[in-house]
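Quick heads-up: structures coming right below.
Two complexes come next, and they have one chain in common, subunit A, joined by subunit B in the first and subunit C in the second.
Moving on to the complex of A and B:
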C-alpha cells in the first residue's frame, strides 16, 4: 500500500526524492490513523479485506457443489438481499421506517417486465430484452416513485410515516390489480423480464453451466455490486448525513444537513434498489401476479433488515439469506413434527408457521439482540478483540 | 569540513530522504506527519529566529514544554545557531524554573502554554538575561496577556523567515563554524540531594554517544534505522529520552511519535506499536500492574487461560534468563504455541507486539519485572548510564543478558571499579565537560585523569557484567555494622502491583523498616472488589484490610531476603508523593532526605514500639 508514486511525471521538481527513498509505511497497526480517509476506508484492516475475499471465493465455488434447486433458492435470496439493502438504506441508515417497500418492488418488476415483454403479447411489452436496459429502467422508475413519496416523509416521523407508507402498499396493490393491460390482472399475472445480456440468456442451460448455476452467479455478482454501492454510500458524505438524520434529525439540521433533501435522496436510492430487486426476483421465478406485492412482502423485508442488523450491509445480507432460506427449513418440519401439516388446507400448516416465525423472530431479535445477526457477530468479535482482557 | 552534529545529520536526512517521515504528533485524532524536509525547514527557521534575536554562540535557550515536535525544532534550531538548549521539566514548579533560568542565564524560553508562561513571569526577576518568552499554545494568552517579552511560535518562525530572506546563508555559516567543543546542551541533574546542577554536554560528547549507541548499535542489534518507530513520552529534559528521541532520530533516521500526554501513553503505545521502546522502572512496573488489574477484571475463561500462559511465561522467563536472553529450540516452540493463543494478543494490547528491543534504565528495577516482560516475549534489557557520561556506560547485549546486572561496558568505553570504595568509574570521550558554573562540583566527580566518579557502588559479575549495588550515599549501615542496599529491597517491594513507592530506612538502627506508598489504581480496584468503601487516598491507607494486604507483600518479600535485610516494620504513606511538594524529583525519584524529615515521627514510632 505504499504511496510511492509510480508515475515519474508527478512531483518532477524533486524526482530523486519521490522515488525509492521513502521509508515504508508502518504496517500491521490497525489503530495508527495517519489520515481521516484511513478510518473511512472501505476495508480499513487487512483481516477484513481477506475475510470478505474468502467469503466471496466460497460463494463462487458453491454452485459446483450444491444441488440445483438449492442454487435457485440462493439466487432468489441474493435478489432479495438487494431489496433488503435498499430498505436498509432508508430504514437502517437514514432511520425512516418504510412499510411501502413492496410497492417499489412492484413498480420495478412491472417496469422491467413491460420493457422486456413480448410486443405482441397479452400485456404491454416493448421487446427490449437486454438486461442493461430493463434493470436500470426498473430502478429509475421506482426511484422516481420514491422521490414522489419523499416530500411526505420529510413532514412525518416514526409511526406516522409508517402508516403513510402502509397506505402506499394498499394503493399499489389496487392499481396493480386493476391495470390489467400491464399486470395481467389478479389471479392471472404475466411473464417477468427475461435475464438476457446481448443475446446471452441466463435463464437457459448452456455448454458450461446449467440454468440455476447461471442465475446463481448472475445474482451473486449483481448483489456484490449493489452491496459495494451501499457500503460506499454509507461511508460517503451522504451516508454520514443519513446516519446523522437517523440519530437525531434536529441535531442533524443544526449541523447544516438539509433534511428534506437528505430524506429525498434516501427514499430515491432505497427505491432504486427495490426496483432492481423486484425486477430481478421475478426474472428468476419467471412469472408473477399482482397480489404478490402485499404487506407481507414488506414485512419480510423489514424482518431481513432487523434480524440481520439495521444499518449494516453485511448484516442485511445475512438477514436476507436467513429469511429466504427459512421456508426451505420449515418445509422439512412436517417430516419431524406430525401435527404440522404440509398442506395449505389443513391447520396448523407450515405456511402459517412461517408467518408466525417471521413475527416471532422480529420480536425476539428486537428484545434480545437489537443489533441483529450482525450484533451477534459484533459480540463475538468484541470478545476476541479484548483477548486476553475483558475490556 | 564542518563539525558533524545532530543538526548536520538532520540536514543530510533532508537531502537523502526529504519525504520520509521524521516526526509524528497527534492532532485532532490523527497522527500528523512531519517529513525530513518539513523538519529541516523548521529547524532552519528557528535557527534564523535565534540569530535575529541576537543570540551569540554559547548562549542558552530554555525549553519548557511536553514532548512535541516544537521541542525538537527549538532544540536543534538552537544547535544550528550554535546556542545550547536547556530542558525544563513541565512539572517543575515556578521556584525551580526560576532557579534554572537564573543559573543557566537562558536568553530565550520556549513555554508551552499559559501554565508555563505564568511560571516564567512569576520568577522573571530571577532571570535578568531573558529576552523573549515564546509560547506554543495561544489559548489563554493571546489577547489576554500583554507583555513585551511574549511572542507566539508563529511569529517566532516568521521572524526566522524574515532573517533568512535578509541573510540567506547565516545558518549555513554558523553551522560551518561550529566546533566539537561547542556546548550542545545543558542537562540539569535531578538533584536528589542539593539544587540541580547543569551538566554541560558538548557536541563531541553527543556525537560520541550517537556513534556508540546508534551507529555501532551498542543497545540494539541491528542498529536503529529509518524503519524503526519510537514513542516519545518521557521528559526530553532527561538524557535518556534525548538519546532515544532526538539523537536516534537525527542519526539513524528513526520515526519519532509523540505521545499526547503522560496519561495516554498506554493508548498511544497500542496505536503506534513502536519497534524500540525505552522505559524507566516506574513505567514497566505500572504496565505490569495494569496487566494484573485488567486480568483480574476479565471473564472466568479468559482468566484461566491467562493464568496458565502467564505461568508458562514465568517459566520461559527463567529459562531465557538462564540462557542470556536467547531462545533454545524448546523455549522457542513453547513460546510459538503461546504466541498464537495468548502472547501475541497480550503484547498487542500492551502496544509491544512489534517491539524488537526494549530497555529499562535511569533507575534500578526489580529482576521480577524484567523477567515478566522477557517471558511474554518482549526482549528486555537493562542498561546503565548517567547524564555526566552522556548515558554511555554499560548495557545488556541481546543474547548475553545477565539478570540483575546492568550489562557489559560498550566497546571503546572504559569502566572500572575503585578498589577502595567500590565506586564505579567511567572514562571515554562522552564524559561531560563539567557542571555549569560549578567548578568545585565538577572537581568532585571528574578527575584530571578523565575518570568520572559515578557515585554508584558496584561489582563485577562473571568478570564481564556490572552489577550496581546502590547509590553510594544511599547505602544503609545498620547498628550491627552491616552494609545494606536499600534500593534492592525497595525494588522487590515495588514489583508488587499494589506498591508504588517504598523507602527503606534503618541507617544506624538495629533493623530495617519501610515507608510504603500504595498504588491508588490497583489498591482502589482491589478494595472495590472486596466491597471496601473509601473516599480518599488517605482514607484508603488507613483501612486495616489494606495494611493487611501490604503486610502480605512485605512478608512475601522478606522470605526472599537475608535476615538482616528483612523489613521488620512498615507504615503506609498517608499521601501520594509529588514533585510539587518537594518529595520527588522531576524524574519521579524519591528525595530520601526530604521524606525522612517529613515523616520523622512515623519512622521513630516504628522503632519506639518494638524497643518498649
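Moving on to the complex of A and C:
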C-alpha cells in the first residue's frame, strides 16, 4: 500500500535488544522500515502518526469555529465517507465493481428507521431509539442482503458484475417504492432513525452544543471508528487476500485463497458499511423517500472512491469530503461567473454544472491521475521529500 | 388468444428498440472490450436532435419523409458526437483495465446527459411523426403502427449490419480486431479507427432507438433510463454476440410486455409497475443458470 522505500524482511531477524536500542533514536533513518511489523503497523512512520493526530485535532476544533449549516454538510460528508469506505473495500481493495451500493444503503436506512420508528406511526416502527441497537442492526441486515446477492456476484467477473449490481439498484428501488408499510411509498417517504444514545439525543441542542455541533462530533467519531476498522481490515490476512484477488484472481487462487468465500466476505463487509452509512446519512437529514436510492447515489459513491483514490482509506475519506462539499462550492459560483444561474428554470444553472462536474471529474481523474486525490498527495510528498532535488 | 398475440406483438415492437440499443452496446464491446455506459446519453442526444431537426426542415412531401430525414440527420450528428467523445476520452485509455474505461463512460454519460437535458426544457419535446399512437389491423390483430415501424427498422438495420460485417473491408477489419487486436495490428488493421467506427455506429444506433422510443410520448428527461434495459438484454444474449443482442432485446421486450399485461391478475403482490424491473429480475434468473448469458462465449482463463 505504502510507496515509501522498504527493505522487506531486513531486520526482522535482528535481536530484539538492538531493535529496542534503535527505536530510542528517532532521528536515525525515519524513512526506512526496520522490521516487517513496523511496515505493517497502523502508523508505520512517525510523520504519519503526527499528521493524522494533527488533522483529528483540527477536526475536533472545527465545530467551534464554523457556521452551523456548514457543520451539517460536514456531518453528512462523514456519514457518506463511511459508505464510501465500504465501497472502497469491495471495489478498491477486492477489485469487484459494484454499482449496487445505493441498494445496500437503502436496506440499512430502512432497517434503522423501522427499528427506531414510532410504533403507533403510519409506517412500521418498533420504537427502540437507542443508536447502539439500530446502527449495528442496519449494518447486519444490509450485510445479510450483500451475502444473499453474493452467490450470483461471485460467479461473475468484471463488467458482468457491474451490470448485475446495476440491476440490483432498479429492483431495490422497486421494492422500496412498493413496500408502503415500511417506506411510506414514493413521494411520501418516512422519518429516519433518531440519533439517540441512552436517552441523550444528538438531534437536539443542549446546554453545551447545538444540534449541528452534536451531529458533527458524533459523525466524526463514528467515521474515525469505521476508518480504523477499514484500515485494520486492509492490514489483516483477509485484507491481503482481497488485494490478491484484485490484482490477479487466478494467482490468488493458486495461493489457496478461496475466491467465492473471499468475494462473499468482501460483499458482506462492504454492505455492512453501506447499511450503517445509510442509517446515519438519513438520521442527519431526518426524512427520506424511496427514490433517494437510485443509480445516481451509487455513481456518487463510485466517484468518491475513484476521485479520492481507490484502495486507500485516507483517499476515500478525502474523496467523500470533496464530493459532499462540491454542491456547497458550486452554489457560490453564480456570484463569480454571471452566465451561470442560481435558479432551476434557467439553462446554465448550478445544478446542471454540479452534475456535469461529477461526470467530468470522474473522467479527468481517471485520465490524468488514476490514483486520485491520494495520488496528488503522494506527488506533493515526494516532491518535498526530495526538495531541492527533483528526485 | 388474440389478446395474447397482441401482447406478444407489442413486446416485439418495444423489443426491437431494445435490440437496436443492445446492438450498439455489443458493437462497442466486441471492438473495444468495454461496455459503454454512455449509450443512454447518446440515445437521449439522438432523440433531442431529431426533435429539433424535424420541425426545422418542416413539411417535406409527406410527414413520413420528414421523419426519416430527421432520423438520418440525428443518427449522423450523434455518430459525430460519439466520435469526438471516443477520441477525447476513450482513446487515451487503450490498454487500461476494462472496468476503468467503463467507469469513464459513466462519467461521460452524466456529463452528456445533462447537456442534452438542457435542450429539452421542462416538459416533453414532441417528435413529429405520422403514426402517433394509431393502431392498424394485421391478420386480425390490432397493432400500434409505431411498433411495426420499429420492427421494420430493426430488420433493415440487422440486414445492413450483416452485409457490413460480411462483405466490406471495414467490417472485416472490425471482425479481425474483435478477434485479436495485436494480430489485427500486424495485418495492417488500424485498431484505432476500428474503435472510432464502433463508437460512431453505436451512437447512430442509439440515436435511431431513442427517436423511435420518443415517437409515443415525446422526449423527456427520463427517457435515458429505458436505454439501461438494453443491459439485461445484452447480458441475456451474451456480451459479445450480435445475434444474441437481437434475440435478447426482443426477449426482454416480450417479457416486459407480458408482465405488464398479466402480472396484475396473476401476481398482484409484486406491486405496480413491476414490468419496469422485470428485465432485471429475468437477468438475475438467467445468470444464476448461465453466468455468460445464453449466446455469450465463456471466458477462457489461462495462467
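The working rule: the second predicted complex is superposed on the first by the 349 of 391 C-alpha atoms of A that agree within 3 Å, B and C clash if a C-alpha of one lies under 4 Å from a C-alpha of the other, contacts with A are read in each partner's own complex, and residues count from 1 in each chain.
Criterion: a contact is a pair of C-beta atoms (placed from the backbone, for glycine too) under 8 Å apart; a residue touches a chain by one contact, two chains touch by 3 or more.
What you see is a predicted model; the values in this text were computed from it and never measured.
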Counting only touches as set out at the top, which of subunit B and subunit C does A:32 meet: first, second, both, neither? first
Does subunit B (first) or subunit C (second) touch A:370, or do both, or does neither? second
Applying the touch criterion given at the start, work out whether A:390 contacts subunit B, subunit C, both or neither, answering first, second, both or neither. first
Of the two partners subunit B and subunit C, which one touches more residues belonging to subunit A? C
Of the partners subunit B and subunit C, which touch A:287 in the superposed model: first, second, both, neither? neither
For A:43, is the partner it touches subunit B (first), subunit C (second), both, or none of the two (neither)? neither
Mind working out whether A:200 is in touch with subunit B, subunit C, both or neither, as first, second, both or neither? neither
For a test of understanding, state which residues of subunit A touch subunit C in their complex under the given definition. 97, 151-152, 155-160, 162-164, 166-168, 170-171, 173-175, 177-179, 250-251, 254, 295, 299, 302-303, 306, 345, 347-348, 352, 355-356, 358-363, 366-367, 370
Sites on subunit A touched by subunit B in the complex: 14, 17-18, 21-24, 26, 28-29, 31-36, 386-391
List of subunit B residues in touch with subunit A within their complex: 16-21, 24, 29-31, 33, 37, 226-227, 229, 253, 255, 270-273, 294-295, 297-299, 302, 305-306, 309, 342, 345-346, 349, 353-354
Of subunit C, residues touching subunit A in the complex: 34-35, 89, 92-93, 96, 98-100, 102-104, 106-115, 117-118, 122, 228, 231-232, 234-235, 239, 270-274, 276-277, 279-281, 283-284, 287-288, 291-292, 299, 301, 303
